[in-house]
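Order of writing sets the labels: A, B, C and D. Residues in every chain begin at 1.
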Amino acid sequence: MSAPLLETRALCRNFGALAAARDIDFRLEAGARHALIGPNGAGKTTFVNLLTGVVQPTTGAILMKGRDITGVAQAERVKLGIARTFQINRLFRRLSVLENVYIAVAERVGAAPSMFRPAGVRRDVVDESMQLLETLKLSGDAARRISELPYGRQRLVELAIALALRPEVLLLDEPAAGVPSAESHIILDAIDGLPRDIGVLIIDHDMDLVFRFAERITVMVSGAVFATGSPREIAADAEVRAVYLGRTGHG
Amino acid sequence: MIAGVDIASMLLGGVAAGMVLFIVSVGLSVTMGLMGFVNLAHGGFAMLGGYAIALAMKHWGFGFVSALVFGFVVTAAASAVLERLLYARLYGADELDQVLFTIGLVFMIIASVTLLIGPENQPLALPSFLRGQINLGIIQYRAYSVVLIAIGIVIVGALWLGFERTRLGAQIRAAVDNRRMAESLGINIARLFTITFAFGSGMAALGGGLGAEFLGLDPQYALKYLVYFLIVVAVGGLGRVTGVFYAALLIGVLDFALKKYVPQGGTAFIYALTILLLLWRPQGLFGAKAT
Amino acid sequence: MTRWMIAAAAAALALTTSWAQAQEVKVGVALPYTGIGAEFAQLVDRGMELYLKLNADKVKPYKITLIKRDVKDPGGANAKIAVQELLTQDNVDILAGWIYSPNAIASAPIVSAGKKLAVIMNAGTAHITNMSPYYVRTSFSMWHAGYAMGEAAAKLLNAKTAVVGYTDFPPGKDSLAAFKKSFEAVGGKVIDEIPMGGAGAVPDFTPFFQRAKDKKPDVFFVFVPAGDHAAAVVKTYAALGMRDAGIKLIGPGDITQDTKLQAMGAAAVGLITMHHYHADLDIPENKRFVEAWKKEYGAATTPDFMAVGGYDGMAAIVHVVQTLRGKIDADKALEALKGWKFASPRGPISIDPVTRDIVMNEYLSEAVMKDGRVFQKVIGKIDGVKDACKEQKIGPCAGK
Amino acid sequence: MTEPLDHPAARALAERHRLRPWEAIPWLLALGFYFAFPKHLGFGTELLVTVLFALSLDLVLGYAGIVTLGQAAFFGAGAYTVGILAKQGIWTEPITGLILAALVAAAVGLGSGLVLLRTQGLTLLMLTLCTMALLEEAANLAHDYTGGFDGLDSLPIAPLLGRFEFNPLYPTTQYLYVLVVLFVCFVFVRTLVYSPFGQSLRGIRENMLRMHAVGAPVRGRLVLCYTLSAAIAGIAGGIWAQANAYVNLGTLGLDRAATVLIILVLGGHGRLYGAFIGAVAYMVLSHFLAKIYPTAWQLGLGLLLVVIALFARNGILGIVAALGRRPAPRATS
């Protein structure tokens, strides 16, 4: 069997006395639709930060397709194909929607260091950005500043920026949080429409979304992996129900 | 041949200078930490307060202590009015707009004082019991420095108690650490800001008056020591009372020692020191770690 | 339409009246009216104005107009622009002012290019007058007091050792060099030299003075800019108990500037200074000068050496205007000033025809308490002192 | 489905770098000034140098969001490069002198940028300020080369192109020379900010965390931008030294760094022309108010700054932009 797309081995991270990640062994296969759930403070976002290189692990290793990337810098990991969205929108607020996506596309295709030609001359970058907005039904807002958009629309731009990087691994930190239910289907549709070979890890509290989306679920509690299995196995796991599902209920 | 007496005199002088830095800077640190407001007019309040104290003693027959109280109250009240009328409009604005506003305010303060009172230094005559020397057993030393150290210790103690043991202090600490959380706990942020701002300006006024013996008092005061105050705040960490205290003492003593033993370096040392400290601990020696 | 007519009428009127009326001489004044030098600018400015007011008769039949321009700071750049504009826009006939040496240094090429007489009324770095042939100085050079003091310290005060503390900028270094040169020439020894911060802001002098105290010299010679620096020096000297330790504080008169002296109070008593002027000088011209000053600007105010620099400078300008009959040519003006003599409040002064710098008396004074105020008692006097730096061609004073 | 480039947003992005007719106005005004006010060219030259200096700051502060109080370090580095080379008789040719000034300033920018640009906010502000202050102190101590507090005066600057002398009293050559250099630098900066690189700088300004997450080498970009800005500031300093035939410690001082910051914020940062508007507004006011009310001009200036900060937001050009844009719903943060 070939190496998984992304893998962690005995990953630990301490913040002072607090262990935010404890001995995490985790595998994300190519083409996976994987969900990560757990109560608030379970360490889910820290885990994403470890995977993307925002935070360095105290001990343990991260491997991508069998290659150790534990010490690889954040920007390099993006180039290797790891992209993420943020739990709270992190957008270029005073720039237009199109510019937001343009920046990401330009980084991916290597246009960003170009200093002496106008940005608009890179038609390929502009075209691709517009097409991406089109698929997310954002093209109507392309000229508007982020700060003028309602929060739900901003969430879509979060996703658009991550997709613009054409990742192999996509880490979605509560992608639908704050999105009105009338619009959340756009996000789900977009995720459904991703190329099959991308490995997707989604973190969410919305159990409807998780169970609709995920083919595999990992439950984290207090910085450690509590259980991993198919949605059916997780739903049937009495202990999981006790520590998590039973307590928070659906939604 | 550095004798114990030398070290004692160096420490006394440095700590006294540090106390002045602390008393002026603490308000700046708390307003910047609490409100995220870059208040470059802070030195202006120190200067205004110093003037109020000096004029009260010279023309209106106040004693030293009552003049200090007067300066504190007047400056705190004036700054509270400014805070409500003007500063409050810029909370949450671009920090560069805040810089522009407070620099403009400093210019106006300097120009007004120059026009109304004159460009010259305001002498602030200490009462006779604070002049001259005092015998500390091992060493004869400048009486005022010793008194200043005592005052500084009392102030830092009172501030510490105020911050740690009162409801208001707890609210301020909560708001420095997490403003949104504090708001959701029902703390009246606007009122807290006004009180803190006024109090910080009042402290600056005290510092202006108490420090006049060392730093003088003239319209340019508002700008010429600002860099020192900012250094103390940056090194101490935003919104940290104890941080500012230790930073002020550290800067005060090191500055004193370096000037005494290596005067040829001019002021370079203090800048070099600040650079090293901030590269080592970017959030300040006592600031919260960046997450 | 009407505006045009008024303008034309005014122009015509100006033409005819200038014909009939007095010849106007425009004097461009470059002083730091704002910023840290504002206080000094006011003193020089008042000195000039007072001379014009008291000597209105001597100006006639000519008319002297002062065009004042703020040079803002000691940085040089603003002074340069101010002088350039005074020359090219206002077409002044004579330039005057300069509190700070760097401003005079920065202005020198403009003054040379503009070919106008330029009267320096304060800036004291010795070699400035070498920098433009049109500079004439009515104030002082740091070497006047510093050099005289070195000799006096050894001979009159019987000092064997000295520590020098100075503000770390050109006049301070000049002062150090001058004092050291003459003090060591007559057998004294400078055992420590302490640069005490820049001129821009008054430092806390305690660490520097602590260092000086530890060295236990006979005298502690201090040069700092007059004003707030000086006030802080005297305060620190008293507070550190250096007098009780037997160390005499001496220096040029900057440390006992008249405007600050009374505020220093008892702390100033015992200071020994060498200078060309203080308000307590017992000279008839000075009595009249001080009296007129207090009448004009208030009893609580006092003139000082800066005010006298402005006053004497204006006297020199009036002399030039009279000698040249209101038609100012720079070279003729220089000729008129070379060797010019004047009975100044500071005693007899003249302009050295070779160096264009001032020649004057230096007074050794001690601050004492008299009638409840600090009084500067003259305890020694040296007549006709020249700038020793240029006399002995030391360093940059040697010229090119 | 429409072709992407037909979308107005795409067209706006594709065409935003095109020159607009009004962009000729500042240059026409600057030329007009030359003919209309031949007696004010000293002031005019200082004004143009200030615009150039403010432009260099706009690149780091307005576009990359680096709030610095140490920009005069590079101005001074350029000025002293020209000054020392000329005074020692090593190099007096003005145009190549400017290139050397730019290189030295860029080296200072690169060195300090590599060390300092890992920090942000107040810490970065204080670090840039202290670095500048250290340089100033170093220049003061290296008296033999820099002239210390006196500075270096009467610099022998060779005639421009071998023909045009720099006359200290009637600085016509200086004015036109500075104008041309400003134009060249402006074209450079303008090209830069409309390029993909400039776009990524805006991204860093708006959200550094996100730029990391899209794989941008943020530090490298910042250091590069800082270095380029330092080079332009160095040119400003170098040309200032040439135009005045003079350098002193003031070129490295906090006054200069703070003034240029005020000027840029007053005019409007991140807008290219803010440097022009701010410099003109500030310098004309301080120059002429100072003439009329030598002791009170500071009051008027302070009042202007306060009013602009309170009511304009993002400077004078902020007002213009706000008037130009249709009223948008106020964003809640």
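Rule of thumb we're sticking to: a residue touches a chain if its C-beta (ideal position, glycine included) is under 8 Å from a C-beta of that chain, and two chains touch if they have at least 3 such contacts.
Bear in mind the structure is a predicted one, so any value in this text is a computation, not a measurement.
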Winner on C-beta contact pairs when C-D is weighed against B-D: B-D
Averaging only over C-alpha atoms, locate the centres of subunit A and subunit C and give their separation in whole Å. 73
Could you please state the distance in Å, as a whole number, between where the Cα atoms of subunit C are centred and where those of subunit D are centred? 38
Averaging C-alpha coordinates per chain, one finds the centres of subunit A and subunit B separated by a number of Å equal to 46
Could you state the distance in Å from the CA-based centre of subunit B to that of subunit D? 33
When you check subunit A against every other chain, which residues touch at least two of them? none
By residue number and range, which residues of subunit C touch two or more other chains? 34, 38, 168, 198
Residues of subunit D that touch at least two other chains are 140, 295, 297-298
Can you list every touching chain pair? A-D, B-C, B-D, C-D
Interfacial residue positions of subunit D with respect to subunit C in the complex: 39-40, 42-43, 46, 140, 148-151, 153-154, 167-171, 244-246, 248-250, 253, 255, 290-291, 294-295, 297-298
So in the complex, which bits of subunit D are touching subunit B? 61, 67, 115-116, 118-119, 122-123, 125-127, 129-131, 133-134, 137-138, 140-141, 254, 258, 261-262, 265-266, 269, 295-299, 301-310, 313-315, 333
Inside the complex, what are the residues of subunit D that reach subunit A? 1, 4-5, 7-10, 12-17, 191-192, 194-200, 202-203, 206-207, 209-218, 328-329, 331
Going by the contact rule at the top, pick out the subunit C residues touching subunit B in the complex. 34-36, 38-39, 42, 168, 194-198, 200-204, 206-208, 210-211, 214, 227-228, 231-232, 235, 238-241, 244, 259-260, 263, 265, 267
Can you check the complex and tell me which residues of subunit C touch subunit D? 33-34, 38, 68-70, 72-73, 75-77, 80-81, 84-85, 87-89, 101-102, 105-106, 108-110, 113-114, 125, 131, 168-170, 198-199
